[in-house]
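What follows is a set of structures to go through.
Look for chain A in each of the two complexes below; its partner is chain B in the first and chain C in the second.
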Partner chain A sequence: MAKLPTPEMLIAGRPAFPDQGWLDVKPEFTPGSFCYPAKKDTMELLHMPHPHEWDPAAEDWNLPENWEQILCDAFAERLEKHRSLKLFMDICVRCGACADKCHFFLGTNDPKNMPVLRAELLRSLYRRDHTMLGKLLGRTVGARGWDKDVVKELFYYAYQCTECRRCSLFCPYGIDTAEITMIVRELLHEVGLGTHWIMDPVKNCSFTGNHLGIQPHSFVEIVEMLADDCETVTGIRPKTPFNKKNAEILFITPSGDVFADPGIYTFMGYLMLFHELDLDYTLSTYASEGGNFGSFTSFNMAKKLNAKMYAEAERLNVKWILGGECGHMWRVLNQYMDTYNGPTPANMIQPVSPVTGTKFRNAASTKMVHIAEFTADLIYHNKLNLDPGRNDHIITTFHDSCNPARGMGLLDEPRYVLKAVCNNFVEMPENTIREQTFCCGAGSGLNTEEIMELRMRAGMPRGNALRYVQQKFNVNHMACICAIDRATLTPLAGYWAPGVTVSGLHELVANALVMKGEDKRVMDLRQEDLPNVDADEPTDSEENASDARGEDQ
Partner chain B sequence: MRRPTCYPVKRMKNTDCFNANKDAVLRKWTEAVYALYPLETRGFVRTSSDPFGNPAGDMTRQAAEVVYDAITGEDMVIDAVKTALDRFVKLRAVQQGSHGQSLGVFFLMKPILRELLLPQMAENGKLGAYLTVESRLDSLTLLAFDMYVAARETLAESRITEIRNQHAQLTRWAKKNDISISQER
Partner chain C sequence: MFPSLLLVLLIGAVAWAGASAGCAALFGVALPYAALAVFIAGMIWRITYWAKSPVPFCIPTTGGQEYSLDFIKQNKIDCPSTSGGVFVRMLLEILLFRSLFRNTSADVLENSPTGPRSIYYSSKWLWVFALWFHYCFLLIFIRHFRFFMEPVPSCITFIESIDGIMQIGAPRLFLTGVWILVALCFLLGRRVFNERLRYLSLFNDYFPLWLLIGIVGTGICLRYFDKTEIALVKIFIMGLAHFSPAPTTNINAMFFVHITLVSTLLFYFPFSKLTHMAGIFFSPTRNMSTNSRMTRHINPWNPPKQYFTYAEYEDTYRDAMAEAGLPLEKQPDKAAG
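Then we have the complex of A and B:
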């Protein structure tokens, strides 16, 4: 029997001074704080090490018997292989410059979500086995050994990092915490620990090409449905060339844009743009997923899935590859592709725009051009007939997707395109955009619904900046150039800034694009009525045609 | 000695008392909220004033001001109070902890009010006015409860919508071809 506690006793239950150090406080696996585990049969099909059934909320994770040896060996092997990892383990001086730069930290206030301390979870293990001081002095110098709780802790925090690299921007040593997270995830896979939302698409991409595992013929039919939708809006049915040998360009984009709202409208935008340009291009049913889910798993898996791009470019004998709006696809392309699967097949050349003649020297090595660069170049050379007034009901801002922004420096091209197709553009606050952009909160394979609550707190800094421009400048739209962003910013905006819609860049391009011979546009790509358009009023082209007929008479 | 009736005892007005204690109440309440965070991170939310670099701290400071003005009887438009509290309540709705702990932060203001306002107002014979302040805090917590529940419902709806959106085209294609998705996959 006890007296009912007062509200302050119930609420402020935390002692003024903790009885444990930060490293000893263990995470609680409560529903909504962890991703569902990968299925055993998925892991078996992919020949992943030690596939097994396990539950993150359970006490026993059914690790293999010699789990500690496996992890120690795997860690030593990676230290040997990646000099950068060894450097990252050694050189951090714990200055704390990164500490408050992580969106997960800002949303959770969990000390272990400070990038410096998240890395310290692995660094403490490194010290024990790989440094003299750690071997001699142990915990006194921040070294600790492996135990099953440490494994759980690594899993918990490795999947509370979206590998966005905002922290590395502020690190005076340039430590890339994202690569530390990648290594931790690799290590966990060595003892059979992975997540369903990542491994299921990895399996599907491995076996069928796209992340949902849709068979090629069905994939083509779905794309044709989108072409039908374009026809409904414009009166013109764009071409949908698939697996066309000797095409000049192979176009690869995330398959999420073929299946998921609102990404499909961006895909329709691509189809319309390419049709209008009469581009000699092809889609592929084999390389039908630009997004690389393998990059959330291990370097080897990323390499395997990435290999499809050049293999298909060689098979179809294309000259170069045009890549759609995607995040981690471009990080892999820009930073790892050369090493993974380069050099390019002999049939590929440095990309040259067939419309403007521009040589993309920045793509001389990978032979891949980002669609934002491609379209910006078209607009710069005045090759597109655009009516930005169609987007006048939109006051848009732009979310710099982490990987294109920090991974490849693609900052100005999408803004150039956006300003050409929208008359109303507003930037979010300076320390939330461009290189300092805040992550959507669900990149790197965390875009799964079971952790929606976690995503909303991790995405809070982005949502907060969006809400600010919504209230101050009446912003009602956010454009982005990443398929995961399009999926995850939609609920994020719905939570933090309701009323703001989210789209890809090329949805807005296609809305503004005046196609040759098109019907009068009375609705946008989402088949929603365009405001301020009178369906009965003739367009300029119709008026001209009518005048011409009058003269004839 | 009996006071002359032409010089009445000068009593403190309610508003004077509220204004005099405002800064101290706000500071103590925000400190109490920050103290809910782990020791290692408390200093950061407390000291950084950047609204975008430290959004949680900024949301708490904004909420403190609104809560105090509302409970001390400043003229308020309910919708304006809700708008001002919105960020803070939404943050509490997704941060870890029980729902009672998440929303009960408003009650952390009561002991502060009792420490700072109550003695002064009791001395000035304004006990009734003080109790009204506490009652308004209860009303405000109920208002926040509605907002909290709405935020949690938005979360639940987002999960359902997202599942539907992920396969939107696939479902449409399956319906068109009169087949089930599970067969196809």
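Then we have the complex of A and C:
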């Protein structure tokens, strides 16, 4: 990875708008501006169309011979399948309200990163083949035909959009660039163009069940190790049930939480929470990936990877599924899963919390509950013994992940949990949180090293908001509920707001959780010493905890 | 920007010349009939075209807190889980441009003392003028029914009296006529002076603005300057409305320019971005309920399930799974036999 310029240089280095009109400007594939291409054998294994060797930096992308026909047909087919696409092609008035809502545009000042122009890249092709004015007047009305440079341009900008939907919130017609980006990526896959960072995890998720391709026995070993770590911190070794039939709940979380720092601490948090509740649950090695890189590829690939969840729920005869903290996983679960792979197997019932008896009516059909909903309910019913004082050394803020925010509306549940486990919580500025949240800059399969500078640019609005609260309120921690965030916000914070650590919500929950019969906590889940704790003093956390709970009532 | 202006001027000039040269019936009768027919047929075709494609997924943009636990307050308008909520959301979207009201303007300060900074300003001007334009247009549209109806309904007279409430000049100045011009100039001006807008604007964006300015301009001319004989115009339009066109004699050529530009708008409408008028009702990110976890949404082209099944998975990893002590469907020795 090339050395990053300083934030000052990065921002000052944003070029002015080109003199030429956008129809005449072609993207330059310089190193760092594109993701590495998917490998041919990966694509073959997944039965993707037209697998081939190619290099984005090369002049010739080795497209199949009849590439233009393939793309025209594929586009026409998508128009028949998605009303949204027809509508979004037709009704944009180019008012420009979306322009400065995009983190990629703010960070790069590339006009084609204004959502409206990113969509125009496809719309211009639509005009020529599907509108009367475009057929008659051509370029005058912004219509153009396919050529190989257009394909390159689509690739370039479809992978400079994280499908975060921030623009769609502000659009007076609700035009959703995520929808357009998803379809452009599908089109590109029709001629064998995909990226390594997405297709490799897709392959792994497909055949081993998790994105790194860790085989079942190794997966189990890693989880056991995390359970050992929990024991080191608390003196209690949580249960690690795997592939257990007839459990009440199947728990599925992004596999990143099993492998990647700092996600592993969130995973430890889950283990400890479930152990403390004595929850009748199971993990699955087969459906061990909640995240769905297929959703960055095509609707059908998303469906294919997602199908394992209900299949495994049926095989294990569980009653419902609990889902961990993940962004795009929840976009898929909330808005696509039931449509893709429902109706749910007959053994599943509307989720009911076995601890509080709360019926999760909002999950009546998918029968899948978000862990933040689950935990918020526990806290509300006073079922957890919490000592938020253990998190007193952190002043935390909360990053809303784009997908739970704008594709689900999960905003207050994680805040409710966070406020119960941390005494010091500060919101970032209002234009950067909740439904207006800014993406981490590397969602939708862009969290790859080779485009780190681009990621830092796209992460600028989030990084800035974080630095603002860091400077103003001494914030030193950012909680989030997304596995990709945990991986991407860490370098982002290191770049834009050094000194801020990033963690999942349930790492903080577990740090505050007073477990029955635990040893006195002298360190947190990262095995860092807790400040203000004298290992020799007797514990008084029980008392604090009951006080803290009292405040919630 | 200029080609579209020239085109509008050209259309106006042709209509003027034609009407002056005695072809007023062509511009005043044939053209509006044709335009109206194309508009109606075109919009029906456009809406059918949209409606023919299904909405395969439930993809509302959630703009607030979801329906969740009892103690979490749902935002029932921006994240509506019932059809009542969706109705309110759509109503506010269509009548008040709610999404546009959220608009902010983002700026990046390169040299702030604390390092580069992004800042966000509230930015309501686009919302104000967009809303202003549309409501003025609506009022002007309604006001024009005085030409199509005899006797003139009292509600139209009432709107006129409100519109002319300032009691300036004779005939009384209609405020909507002035305000719509101001709003149109704002909408045009931002395309010209805002760098981002200038870069992304097309002929298709300037043309309707110039066309509307032309329509409003000729309308104002007809009322205040090149005063046309209003009684004749009313007889003429009533004739059109009853499919027995009256003679065009003694009506100003400017009137036919006005009619021609309106006809052009009708011709252009179904084939352009102006279809947003109907499209907004169809937008799946706004008109769907956020109940996708409560009610299964059906995709009519849902492909069959194809995935790596557990049986295939166990076949691949059985030995390793057995060694790790994982429960199996088939034991390794049995599987081998």
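The rule is short, and it goes like this: the second predicted complex is superposed on the first by the 520 of 553 C-alpha atoms of A that agree within 3 Å, B and C clash if a C-alpha of one lies under 4 Å from a C-alpha of the other, contacts with A are read in each partner's own complex, and residues count from 1 in each chain.
Quick note on the criterion: a contact is a pair of C-beta atoms (placed from the backbone, for glycine too) under 8 Å apart; a residue touches a chain by one contact, two chains touch by 3 or more.
Bear in mind that the values here come from a model prediction, so they are computed numbers and not experimental data.
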item: Simultaneous placement of chain C and chain B on chain A, clash or fit; value: clash
item: Which superposed partner A:Gly145 touches (first chain B, second chain C, both, neither); value: neither
item: Touching partner for A:Ile264 - first (chain B), second (chain C), both, neither; value: first
item: Partner chain(s) touched by A:Gly235 [first = chain B, second = chain C, both, neither]; value: neither
item: First, second, both or neither for A:Gly499, with chain B first and chain C second; value: neither
item: Touched chain A residues, chain B compared with chain C; value: C
item: Which superposed partner A:Glu8 touches (first chain B, second chain C, both, neither); value: both
item: First (chain B), second (chain C), both or neither touched by A:Leu226; value: first
item: Which superposed partner A:Pro49 touches (first chain B, second chain C, both, neither); value: neither
item: Touching partner for A:Pro491 - first (chain B), second (chain C), both, neither; value: first
item: Which superposed partner A:Glu449 touches (first chain B, second chain C, both, neither); value: first
item: Colliding region between chain C and chain B, picked from 21-29, 57-65 or 111-119 after the shared-chain fit; value: 57-65
item: Doubly contacted residues of chain A, that is, touched by chain B and again by chain C; value: 7-8, 10-12, 14, 17, 22, 99-100, 106, 111, 114, 215, 221, 429, 431-432, 460-461, 464-465, 467-468
item: For the chain B and chain A complex, residues of the former touching the latter; value: 32, 35-41, 44-45, 48, 50-56, 59, 87, 90-91, 94-96, 100-101, 104-105, 107-108, 110-111, 151, 154-155, 158-159, 161-163, 165-170, 172-173, 176-177, 184-185
item: Complex interface listing, chain C residues touching chain A; value: 3, 46, 49-59, 61-69, 71-73, 75, 78-79, 81, 93, 97, 99-100, 102-108, 110, 114-118, 120, 126, 130, 190, 194-197, 199-205, 271-273, 275-276, 279-280, 282-286, 290, 292-299, 301-303, 305-310, 313-314, 316-317, 320-321, 323-327
item: Footprint of chain B on chain A - complex, ascending; value: 7-8, 10-14, 16-18, 22, 25, 28, 30, 33, 99-100, 105-111, 114, 212-215, 218, 221-222, 225-226, 256, 258-262, 264, 429, 431-432, 449-450, 452-454, 456-457, 460-461, 464-465, 467-468, 487, 490-491, 494-496, 498
item: Residue numbers on chain A that touch chain C, as the complex places them; value: 7-8, 10-12, 14, 17, 21-22, 79-87, 90-97, 99-101, 106, 111, 114, 116-117, 120, 131-133, 137, 140-142, 165, 168-176, 179, 206-209, 215-217, 220-221, 242-245, 285-286, 299-300, 303-305, 307-308, 311-312, 315, 333-336, 338-343, 358, 361-366, 368, 373, 376-377, 380, 405-413, 416, 429, 431-432, 434-436, 460-461, 464-465, 467-468, 471
